[in-house]
Amino acid sequence: MILLATEDVLTIRDWVGIATDFVSENTIGMSRHWEYTDSVSNFLTEFIMCVMVFGGIMTTLLILLWMERKLLGRFMDRRGARTSLRSLWVGENGVTAGEWWNQLPFGTGVPVGMLNQFLNEVAGNDHELEAVSRVKNRSYHGVWWMLPGFFQNLADGMKFLTKEHMVPEKADRYVFEIAPFLIIATTVMCFTFIPLSPNFYSNNSEMSILFLMAIFSVAPLGVFFAGWSSNNKYTLLGGIRSAAQLTAYEIPLLVTVLSVVVLSGSFNLIEVIEFQADSGVWNIFLLPLGGVLFLVAMVAEVERIPFDMPEAEAELVEGWWTEYGGMRWGLMFASEYLRTYAACLLFAHFFLGGWEAPFEDTIPYIHYVPHILWVFLKAWFMFVFFVWFRAALHRVRTDQILEFGWRWLLPLSLVNLAMATALRLWVYDGINGEWPLLIPILITSISLALFILLSVDEDPEALEAQTRPFSVQTVDVASPGQHRE
Amino acid sequence: MAEMWISMGPQHPMTHGLWTLKVKIDGETVVDTEPDLGYIHRGVEKICEARDFTQITPYADRLCYASANTWSHAYIYAAEDLLEVEVPERAEYIRMVAVELQRIASHLMWLGAYCPDVGNLTGMVWCLREREMMMDLLQELGGSRMHYNFPRIGGVKRDLPIGFALRCRAKLKLFLDRIQEYEAILDESTIFLVRTQGVGYAKAEEMINHGVSGPNVRAAGHNYDVRWAHPYSIYDELDWEPSVERPSIKGSDCYDRYRVRVEEMRQSALMVLDGLDKMPGGADTHYQSGDPAILGKAPARAAEGQTGFHHFEDSRGESMFYLAGGGDERGKHPYRVSIRSPMFITIPYASKCMIGYKIADIPAIMGSFDPCIGETDR
Amino acid sequence: MGNEVNAKQILSAAEEIVSDVADFGDAVNAEVRYHTSGRRKNAYVYIEVTASQWRELALWLKKSKKVDYCSMITGIHWPENADATWQVVAHLLRTGVTNPAVVNKRVHETKVDIEGISGNEVPLEFEISMTIPETREPSVPSVADIWVGADWNEKETWDLVGIDFDGHVGMRRVLLPHDSPTGYHPLQKQHKLRYHDFNEMYDDAQGFGRKPEDSGRVK
Amino acid sequence: MAYHKHATPNFRNLIVRPMWITLKAALRTFPIIGRSKFLQSHGTSKPYHGQEANLLSDAEREMYTAQAHPVIGQKYAPDRETTELFPHFERPVTVMYPYERLEEMEPWLFVPGNYNGRIGVIWETCTACKACVRICPNDCLHMETETRVNVLDMTEEGDENHGFGVELEVGGMAARRLEGSEEAAANFQLSTAHEAPPEEYEFGEVINLTGDTISVRWNASGTVEDVAAGEVVGAEVDIVSGRIDLGRCMFCGLCMESCPFNSFFMTNEYDGMSGFTREDLWFEADRTRVLPVQHAEAVDIELAKRADQARKKAEKAAAKAAKSEA
């Protein structure tokens, strides 16, 4: 057990431990198998923590999806009306969807009905158009702050569950069936070693980062399986693209993670976070380049725009998952977002100090805020960038992706690793194991200056000359319009 | 990987309609292509042989849902050539307003479809936002949202509605400012540039020889435009010059074709604003439907031997109707209607243009030629 | 304002063509015709040519007269006219489009000085008509190698009207299904439109018939 | 035309510029922040986003003020639908149809007669000339026999055009205005009702026509009733247009234009024309009927025209009779 520097008010794991200790002592401990008391207690703790972490992730995943929808609506300037929750809840003209609370036993639904009646009066639609009565299941957008559309994905999930499971006739059936499980299972396993707070994680092993990266890289294999086995040329291309892209970006990602590991001196994720808390400087201020590289590589890893070549819908219909439907597709879609979530959480842990509150040491009483909140806030903040990229950027072509990965990201990540090594060896270890304040300030300001410099740099000559540097044509053009028989 | 054929279409996001592009690929590289059209061939030419000259107008509208007005006007000009009809000048101005607004709407629809082709949905939604304004204006004119059935032989269905000029000016002024936001998300986006620059080269003379015209040729560096080369309507009274791009040495690429359409939208908006100012009788006066100021007299019959044709600058290139008179009902129906669709000729060219590029370039190149399958298949 | 080709330029260009076409002799008849619509009665060149001379004329137009653009090639079926059962109409344009000039590795877009153009630079419309007498297998020479734009036009004309083009490579169905019966060309006049006959209106194939009580009362 | 002056692939354009413009678009959608000055324009232009615009001409403003139409109190930006909270809140772009309808927010798009909605026929003025049926490019319009009151019979006593209607005769049809029908007709919402308009008259056969009372056998009840002469007007079974296969209608509006008697309209109804089967789209003539009150002006013009004709005819006949007598 690692000694944690951070104190947390929500010591959930301890509470669960106390509860399971109590239970096992009073059951197993009383029996003749009393020597297994500790093992049972540990098993129960692990089990309960796993369930709680997974539940917490799945629940907060809804926030991610909701954020994506709502943010895209704003980026695209098409803010829609908000109806989905209220379609279940407040009806119009006093009519609600089925009045389901009346079917609850023993009148337990009466308060729900009363609440709905109250909401109806306050926020309901009393529009008198006749057309209103024709569509019963919607409601007036009226009050704009009603929690809008949050549970949409539950509805989506229910729909997926009712869909037929179809396998293409000439698909490689076993591989086709295994692929989604491979993807989903490995994705879920990622969260085993991602702590949500100092006292809220399912497991903590010595080499958790190593395991994380390993398990994170299994899913591309599933993608390739899925693409290959569907017996469809689009999925095949998608699968192969995916394999090529993920290999190209896996290596810079690993090297970048290695730089963090070198800087923090541990392969354990919790220790990496604790290192940032101890030294008082988040890694992003020491390795800004590493942060950027990690983010870019992660966007490519989770296959989001601008790097969503494997499922580029304009050319490959839906890429490697074209042939999947129903809940398999739904779960794979969920696992896409789970991977994104994991990416966001890892970014928060590696670079944003994990559960460390900003200015934890200087702002009084801030440590009374439950640390799990900071983790989530940081992850969601990172997810804003994922959505923002998607709204602002275009899709990169295959060869450009690979070129960018191999020729830019890989050398840069090596530079980053060298920087981290130098910082650790000569600065941190050289000066009694702490960061002098000058170092992060200097690195951050230099990086910012470089960023601004690059952001204003333009080449007017290139525009005037109309250079077209990105020609990729590799075959002579057949004379257009002439048929080759 | 050995070479293999992929059948893109008839239902595929790249096709912008119903047709098949058979692509032979070697890995990610396109080696050969073969277009296959005709999935929504409705036989409009045959249908028109059994319709009055008035009744053909709505069918001409339906040749292209993105650019209905230009098609019905192309028909009307040909029919007027056949029936020898004079058109009041005010009606010509109103037609110009309708056609140029439709050109903007069509180019916006194109840009809206092109952005997701290269992977950005924001651009699409922004374009459709502005297209909504154009459709509102066209709805005021024609009464419908897509197929307006607006022109009539000898003039137009109705005058500019009351208040139309006011709203048209306000919306177009906003639109002219908004264009620079598209440029900000497209021109000022490196990824868009590297996706479109240097991809899908086409040269001007080659395109003309292949029968490709309109914005695609203007993108290749020559300002050929049916509106001044084979003049019609009142374009000579407006203050305009056709937009033309400066391509690279190897020819025009997808980026040039994108640029020329953006410039054309700007040009059309300015033309409409100019036309509203110069309209005889003033843009704010309102004549009743059928008033001689907006609708001249037209015969209903054409004798055998009479022919009419008219080259028209459609949103996608040069379109033309060829009508031969002397059909059924003692000449009330045309004997033969023949439609020249710019896209029918351009699609084979565009599909040969993409040989040698990557699969990911297929939507980028195909989309940049602005395919519309309604008119292609007729 | 001088931003359009004016009628005089077009007329003189058209007259030049017509006088030069006289070299072909009787097989080619050319005249200047005028559009009859709108405000501007633009001139265009109308040429009647025998099918055998068509290719020669096309080559001449392309080479000496810079007619660079084939707008449309279409066919008409006149079953009641035995001398000219089949008519092929070609619409050509002279566009004057050239590749933009390159000076010092810089491309300069072409903006035509409209008032200054003359001779072969003036954009001009051509309508060319040729007729074929009654035959089961109508055919005219193909010009798809002169203007590639004619390629798909000829395919379409064969597909819909049934006029074949000699020398056209890769003739196939384009708009009709690939498995359409041989010899089925719907724009030939023996194929009648069953639809839109005024009396058939109430016997709608889709089932929307006359109201029972109206039968006999409503025409 | 020159290129865009920043259009080169470089680091600046890689993420900074596209993300900046999307951020601006996103910030505009937030209340209050979205009103800040730097968000109202892009580049060097003047502010354009969210600027108020006058979208109503003086004539329209007068007209809508007279109708007390809600559009008068609203503020517009050129591309936005309206909201009363315009200065600080922009409404979502979704129009919450059917609770909100576009014609309430942008009524100029739906000027009756300028909008091609479902067709509508005023039976009273239809003459069965079939111009609409002939012009229909799709053959979707049909004629149908209906019992109706002639437009000339709709006048009140004392009206200058009164007295040219159908003569009541034994064996002919008579019609009596239903109680409350005028109110029902006036309240009938043509474009949102999606059903046949209310019956205005009840019809019956004239059995006896002596003296002041008229015996009528009402079609609906089958009972014979004696009614005062002033209560009923003549009616006739006539052919009217308006039976339509909407599945084939393409809303081109040629039928409306071809009608020489101001009797054919395109109404503003754009919903309520759907169904689960093809048969659902077959509308009988009463479904597309337009009551005279809905287009009173057109009916009045037609009424005056017909009365004039009838008057002239009567005068001619009188002159002829006088001549022959002489």
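In this document, chain identifiers A, B, C and D correspond to the written order of the chains, with residue numbering beginning at 1 in each.
Operating definition for what follows: a residue touches a chain if its C-beta (ideal position, glycine included) is under 8 Å from a C-beta of that chain, and two chains touch if they have at least 3 such contacts.
The model shown is predicted, which means the values in this text are computed figures rather than measured ones.
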(message) Quick check on this structure: which chain has its C-alpha centroid closest to the centroid of all protein C-alpha atoms?
(response) B
(request) Could you tell me which pair, B-D or A-D, is linked by more C-beta pairs in contact? (result) B-D
(request) Could you tell me the distance, in whole angstrom, between the mean C-alpha positions of chain A and chain D? (result) 54
(request) Using mean C-alpha positions as chain centres, tell me how far chain B is from chain D in Å, no decimals. (result) 32
(message) Just the number, please: Cα centre separation of chain A and chain B in whole Å.
(response) 44
(message) Distance between chain B and chain C based on Cα centroids, please, to the nearest Å.
(response) 20
(request) Identify all positions of chain A at which a residue touches two or more other chains, and write them in rising order. (result) 75-78, 391-393, 466, 469-470, 480-483
(message) Please output the residue numbers of chain B that touch at least 2 other chains, ranges allowed.
(response) 51, 122, 126, 129, 185, 189, 191, 194, 197, 210, 244-249, 348-349
(request) Specify, in ascending order, the residues of chain D that touch 2 or more different other chains. (result) 3, 6-11, 18, 21-22, 25, 93
(request) Flag every residue of chain B that touches chain D in the complex, lowest number first. (result) 51-52, 54-59, 61-62, 122, 126, 129-130, 132-133, 136, 139-140, 142-144, 147, 149, 157-158, 161-163, 166-167, 170-171, 173-174, 177-178, 180-181, 183-185, 187-191, 193-194, 197, 243-246, 255, 259-260, 263, 284, 289
(message) Taking the touch rule as given, give the residues of chain B at its contact with chain A in the complex, in rising order.
(response) 1, 4, 6, 8, 12-14, 28-32, 34, 115-122, 125-126, 129, 185, 189, 191-192, 194-195, 197-199, 201-202, 206, 210, 246-250, 253, 348-349, 352-353, 355-363
(request) Over in the complex, which chain A residues touch chain B? Could you list them? (result) 72, 75-78, 233-234, 237, 240-241, 305-306, 308-309, 312-317, 390-400, 466-484
(request) Using the touch definition up top, name the residues of chain D that touch chain C in the complex. (result) 133-134, 139, 142-145, 239, 243, 245, 247-248, 278-279, 282, 284
(request) Would you pull the chain C residues touching chain D in the complex into a rising list? (result) 195-196, 198, 201-202, 204, 206-208, 210-211, 213-214, 217-219
